[in-house]
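The structure's right below; bear with me while I get my questions together.
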C-alpha cells in the first residue's frame, strides 16, 4: 500500500475579497480564503478519503502558516512543504459581481515563494514506487516561472520512474502566458501524462480550433496529440466528456446547481474524477464512474464559498444517487 | 374577555448557523436565532395583535434568559415559563445550502429542560374559562419525551374542561420518532382537537397513503379519522386546503415569495390561520379568511431570516389586498 | 475650459440598514451608506472622468463630515459645501425585503441642514461663464423646503445667466409633496431646463395621464409642455426614450442586470446620460449616445450596494461594446 | 399587592455607534443599542425581579417597535406605551474615545414622539391605589418639551393622589436647558418627591455651590431645599451618600470596576437603590441597603456594553457579599 | 526515532462566546473557538516543533469535523481519532467579563462522544516502544465519565509498558466532581506518572492543605505522595516551582503579560514545559529549562484569543532571551 | 496666496490586519486601513484646515482607487497622482499584540508602483513660486528605490528653486536599508531642508551616538551636521525638543494618552508641527507653538485606529487648552 494516494504540486495564494457584494473601493474589511488549483484538488481528494500530500514552497511568516494550516485542516499532509525566510505569499483579490459586471480577479503573485521553487526544494525521497499512486500538477505551475516549471518537470519524471500515474490539468491563465507559449510549455508533461484535464475553451484557444468545433471534435483533436492519455474535457454547464486510448467517448451531464462561488469548480471536478478513477478499477467502465464523481463534486463546489471543495463523500454519493438537495433535512 | 387569546406550549431552542452560506467547518462565528414551533406561532399571533402566552420549561442561565427575552421582545407573555437550575437549553445547528446540497439541521436537544417538563410544571390556575380562548401545541412536544407528552395531554384536558378551543399541528420530525409511533402518540390529542394542522407529506407518511393521493383525498382521509375537527392541510408551494366538519373543501393558493429562510413557514401559517379564525367569526366563510391569513403570513415569513414571523398586521393585510411588494416603498 | 464640467445641488442623507436581509427589529447593527440623488449623479459623473462640484448645506459634526468625505472619496469637489453648527443631518432607514414584502424606506430628514439651505448659502462667484458647463438639480430639492426651493431657483437663474446648460430630474417623492404641488413647484425650473429627466410613472402621475398611455405618448405630452428641453423618459425595465426639440424619438433598451440594490439607478442613468451628452457633441446622434451611456450606467448600478454608482468608464464602455460580464475575469 | 412595583415615564432613543473604537468618519456600520434614563432604570428593576411598567410615546415604525421590543426583552411591560403614526424616534450617536479625546455624544432627538407626549397620552386608569408602589421619572423628561413636562407633572400628581411613592432623578443635560431653567423646571416635582437622586456635579451646578463644597455640605443644602425627601447624592468614583429627613448621612463607597461603558451607570444606581429600598422596609437601615444595592448595580453596569443594566439579582448579591469577580468561574 | 514525540488523550469542545464583551443575552452572534486541555497542549507542542498525536472520540458531523480540522490546522495529527455516528460534541459558552463581574463559563458537555470513549476506541497498536516518547492526559478525562477514565488508565498502562514517559495534569474542575472524588480518582495514574502538573489552588483544595501553606510546602507535600514523579506546581501570577525526585526546588517567575484571554494558560505551560524537558536532556538543569519554556509559553498565551497557544518557537525563544515585546516590530 | 499650503510625496500602502486581537493564523477576515507616512501627514494637515496635495504613483486598479479615495475623503487633493497600468499596490499586514508579544508588521511592498516612481512622473508645473508654501517628504521615499529617491531629490530642488520651505522626516526603516546607507542616502536632502524631523532612536542609530546620550546632546549633534535647519527631535513618551539655527532648545512634554493604535503617531506629530509652524509666524516663539500642536496631534492619534490622524482642529485646540477628555461629552 502506498504512503500517499496522491501527491500534488503547485502554488497557493491568499484570496481576499469584500463581503456582501461590496466593491473593493467600498470595503472596510476583506474576507480571507485560500486557493490554488493543486491544493484545491488535494483538499477535495483528502475530504473524499484519500491520503494526500501537497508540495509547494512557502514563506515562513504568519501568512504562509495560515495558508498551510487551512489546507492541513482538511486532512492534506503539508509536512513536506519547503519553508523559506525569503520572498512572499502570493495574493489574489476577488471582487464578486453580478451581471452585467461579473466577478473580477486581481492577481498579485509576482515574486512569490512558489514562483521561485526549484527541483532542489522538492522531497526527492518521497518519489519511490510505494510513495504514491498518482502525481498531479497543472499548467499554472509551469506558467508562474521557469524554476517551478523545471521543478514540475523533474517531479513528473521522478513519478514516472517510480511507476506512478501522472495527471495534469491544462488550466490556462491568460494573465500568465500567451496561448502559444502555454501550448509549447505544457507539451512535454502532457506527452508523459496518463490523465489530462482540459477546459474546452482552453483547448479551443490553445490548439487554435474553430470556436464552433463540436466538443467531440475538440476531444478527438487532443487525443490525436496525446494518444497515450485518458483525456477529460470539461464543458462548463454542458458537463464533461472523456476518452481513453482506444476507447469510446463517455459523456456526463452536469448536475444542476445554484451558484454561490464558481471558483475552484474545475479543481473539484479533478478531485472527484481522480477519486472515482482511483477507487474503481474496472477498466473502461471506470471512466464513467470518474466522470460522475467529477461532475458531482463540481456541482457541490458551486454552492460553497471559497476555493476549497468542502464536501463529504456521503454528499457526493447522495447526489449521484439522486437526492435533490431541495428543502431542509431535519 | 379572556386573559389571553391563545396559550401555546412547547420547546424552543437556540439556532446557531454560519453567516454568508459558509459551511460550519468554515465558520469563525455563528449567527444566533431562536426557534421552536409553538413559540414561533406565539410570536406571529402576538405581532398580529392577540394576547398570547407561551408555556415551557427553561434552564435559568444566560442561554435560557436570552431565549425567553427574544420571545418576549415580540410581545409574547413569558412570565409563566418554569425556570430550573437543572438540565440545559436545546440547540440546533443550521447549515444553509443551495441546491444540490440543501440546508442541513443538526439537532442537539437531548436532555433539555423542556424535554423534562411535567404537568406539575404548568400553571394550572391559568386554565379557567376566561383564561384563554384557544390552546395550541404540536406533535414535537409529544415526541421530545414522555414527560412533556403527558404534560401536553393534561393541558389539553384542562383546556377542554375550561371550554377553550384546542388546536394541534402534527409537525412530524423523523429524527424524534417513527411514523407509526407518531401516529399513535398524537392520536389522543388529535381526537380532542378543534383545529388540526397537517403538512400533506406528513399526513401521507403517517397514514400510509399512496404518494400520489390527490390532496383532497388526503384531506378527506384525515377528516374521517378526526371527524370533529376543522382540518387544514398545507401543501407547500401549492398552498393549503381546509375542511370543517360537514362543510366544503376550501382551497387557498400560496402567495408567490422569494425564499430567504423557509424554516418556520408552517408555524407562521398556523399563526395567520388562527388569527384569521379567531378574528372573523362568521361560520364557514371564516375558514376562507383563516386560510388566506395563513397563506399570507407564511409567504411573508419566507422572506424573513430566522424562525420568527417578524411580520405586522398591516403587511399581511396589504398582501391579502394585492400589494405586490415589488420595488421600494418611499 | 470650464472650472467644472457639472455642478449639482441637493440634499444627501445617511442611509442606515440592517445587513443580511434582517428586519430592523432584528438588527444589532446597521450598515451605513450615503445617498442623495444629486450627489449620486455627481459621483457617477466624477467617476466617469468629469470635473464635478456638489453644493449643499451640512451640519459640521462627524455625521456631516462622514457624508462629505464619502462623496469626496469618489472625486467630487465638496469644498463649496456650506457648513453650519445648526440643524442636523438627514437620515433614511432602509429595510431590504424580497417579494412579497418589498424594501421599505423610512425617511427621517425633517429639520436637516439641507432643508434650511438658502440662496445666500450658495457660492455665487462660481456661477460665471467658465465656471461650469452644466448645472443639475432635482425635484427633491424643491420639495424639502421653501428655502432650498428658492435657492435652487436662484442657482438655475445664475446658471442660465452664465450661459450654462441646466438639467433637472423630476424625481417625485410622495412622502414630500402631492402630485399637484409637485407639478406646480417644478414647473418654473422645468421651463428653463435644457435637459429633463422624468421617470415614466412620475410623469403619468403628475400630468394625470391614463395609466396605459404608451410611453411615446407620455413623452410627447411632456414635450408639448416643455418644448425647449431635451426630454429623457426612463421606463424602468423597458429602458428609456428621449426626444429633442424638433427631433425624433430615440429608444434605448435596458441592459440585463441582476439586481443587488436598485436605489440610485435613476441617478446613475442621469450621470451616464449627461456624461454621454457632454462628451459627444454631434447634434442629434448625441442623444443616442447619451441614452446608451445612461442605460449602461444604470444597469451597472443595479449590481452595486449603496446609492453611489461605483462604476468606471471602462466598465461602461465594455458593457456598451457587448461584454456580458458572465463568469470571472482572470 | 400592587399591579406594578414601579412605573417609569420618559423618552428612550436608539443609540448608534461605530464598533472597535472607530471614529464615525471611519465607520461602515454602526452598532445599535437602546437607551433612555427611565427605561434603563426600568430594565434594571425588572431584571432584579420587580414588576415594572414603562410609559412613553413612540412612533409606530420598525424603529419604535425595535425600541419597545428591546425593553420588553428584559421583562418590562411596554403595553401601555402610546403609539403614533406621527413624529420620529430620537437618536443619539455615540463615538467612543480614549483619553485625551473622550467619548462624544451627538443627540438627534428634536421632534421625537416622546417630546410631544401629552398628559392625555398617559394611561390615567393605571394610577389607582393598588396600581403601583412607586412612580419614577427624571429631569430629562421635563427638559425635552413643555408637553412631556406637563405630562410628567400630571403623572406625579396622580401618583401622589393614589398614595404611591414618587422618585425623581435630576439628571441635568446641558444640551437641553440651562442650569437656572433646569432648577426652576424641576422644583415643583422635587418638592413632591419622596426620593431624589442627584449627581453631585449637577447639584453644584444648579444650586450654584462652590466647586469645592464637601459632599456632605452639598447634600445638606439639597436637604434644606427639599426637606421631605430621602436624598441620594451620587459622587462618581467616590460612591454615594444619602440622607433621610431627620436622619443621619449614610455613606457608601463605590465598588471597584473596570469600565467597559459608563453610560447608564447612574440609571443602574437608581434601579439598585429603588430595589433595595422597596425590598427592605426597616426604616433607616433601609437606606444603607438601598445605597449598597445602588452602588453594586452601578459597578456591574460599568462592565456592560450599552445603556441597559443587563445584570441579575444573584450577581448583585454576590458582589455585595464580597465575590471579587476576578478570574473565570468554571 | 519515535513515530511521535507526544500523544495526548482527552475531550475537546466547541467554545462559543459573544464578541466585544457583550453578554450572551445581548448577542446576535457567537464567536467560535475550540478548546480542550489535552488538545491545547498538543497544539502548543506541535507549534513548537514536536510530532504530536491527539486521541479522542468525536461525532462525525460538521461540528466534529470542524473541531478536528482546527486542531489539525496547527500540525497535530488527528488521524487516530475515533469517529462515531452517535452522541454529540460538547460545548462551552463563555461570557467574558471585566471586574467585578468576571468571565463565566457554561459547560454543556453531557453525553458527548468523548465522555463515552472506551479503551476499545483507542488505537492500541500505536503504543509500542518507538510509538512515542511521552503520553499526556489530565484529570478532566478521568472526570467526564467512567468509560474515559478507564480508557485513560489503560492508555497509561500501555504507555508505561512501552517504556514511554507519562505526564498528567491534575486540572481539577469543580463542576465535574468533588475534591475528594477527584483525589481518589486521579491517584492511580498519578502514582504511575513521571511528570505531574498541579495548579497550586487545586493541590491545596484536594489535599486539604491550609490556604496559607507556602508554595514550597505544598510542593513537598505532593512530592511525598508521589515520590517518583517530577512535580511542577503552577502558582498563577507568581510563576511556577518544580521538584524532581531527590532534587532541589526550582523556581521560575512568571513573565509579565497583558491579558487578552487567560483560558488555556495552564495548557500552554504544560506544552512549554514538556517541550523544554524533552528537548534538553541534561538531568536536573533540564528542569530549569522546562520551567522557563513553560512560563514563557503561558505568558504568550495570555495575549492570544481562544484556548490554543498560537505561538511560535522563535517567539518563545525571544521572550526567554529578554525581548520585551513593547512597541511595533517593523 | 499659494495654490497649496503643503505638497507631500511618498508611497502609501494598504494595511490589512485581523480584528479583535486575533493572530493572522486565526483570521477569517482582515480589516483594511490605508497608510503611508507622507499621506498620513497630508491627511492631518488637510483636516486641520490647510490646502494639501499628495503626490505618488499608483496602479490603476480597485486597490489603487481605494487608496487614493480614502486619502481624498479627508480633503487631500489626489488629482496629481500618476496612474499606471503596471506594477502593484504595496501592502502591509499588521498583527496587533499585547506584551510580551508586541505588534508585528509584515511588509509586502516589493515592486509597488510607488517604488518605481520617477521624476518624470511628477507634475513639474506645480512647482512654481505660488504653487505651495512647503514641500514634505521622508526617508522612506528615499529607501524604497533609486527611482523614487531621485524623484524626491528633483522635487526638493524644484521646491527650493520656487522658494518654498522643505521639510523632511528621517523615518528610518531597518527593513529597507542599513543605518549607514540611510545616513548617506538622506544627507543631500537634509542639507537642503528647512525643517527636519528625527525620532531620537533613529538619530542615535544613524549617527552612532552613545545610547545614553542626553536628548539635548543628540539634538545639538544633529544641529551641527545640519546647521541651516529647524530640527525637531521626537522622544516618544518623553515628548519632543526642537532647535532653530541660533536659537534656544524648546521642550514639549507629551500629552497623556491611552493607546489604541500607535502607528502614525510620528506622522501626526509632523502634521501638527507643520500646521502650528505655518499658522503662527512670530519667529522663535513659533517653535513652541509648533511643538505644542505636534504633541497634541500625536496624542490624539494614539487613540485612533488606523494610520490616519482623524482629528479636528477644535480637538487639538481643546487639548492644548487643557480639556482632559475624561468622561462623556453630552
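Points to keep in mind about this one:
Just so it is clear, A, B, C, D, E and F label the chains in written order, and each chain counts residues from 1 on its own.
By definition in this document, a contact is a pair of C-beta atoms (placed from the backbone, for glycine too) under 8 Å apart; a residue touches a chain by one contact, two chains touch by 3 or more.
No experiment lies behind these values; they were computed from the predicted model shown.
Path length between chain A and chain E in the touching-chain graph (shortest route): 1.
In summary, the pair chain A and chain B forms a contact in which the copies contribute largely different residue numbers, shared numbers making up under half of all those used.
Note: centroid distance chain C to chain D, computed from Cα atoms, is 46 Å. The distance from the centre of chain A to the centre of chain D, with each centre set as the mean of the Cα atoms, comes to 63 Å.
Taking the mean of the C-alpha atoms as each chain's centre, chain B and chain D sit 39 Å apart. Shared interface positions of chain F, defined as residues touching 2 or more other chains, are 19-20, 23, 25-26, 28, 69, 73, 104.
Of all the residues in chain A, the ones that touch chain E in their complex are 69-70, 72-75, 79.
Taken in their complex, chain F has these residues touching chain A: 16, 19, 23-25, 27-32, 61-63, 65-66, 69, 88-89, 91, 93, 95, 104, 106, 108, 110-111.
In the complex of the two chains, the chain C residues touching chain A come out as 19-20, 73, 255-260, 299-300, 303-306, 310, 315, 319, 323-330.
Interface residues of chain E, counted against chain D in their complex, comprise 20-23, 25-26, 94, 97-105, 107, 173, 175, 262-263.
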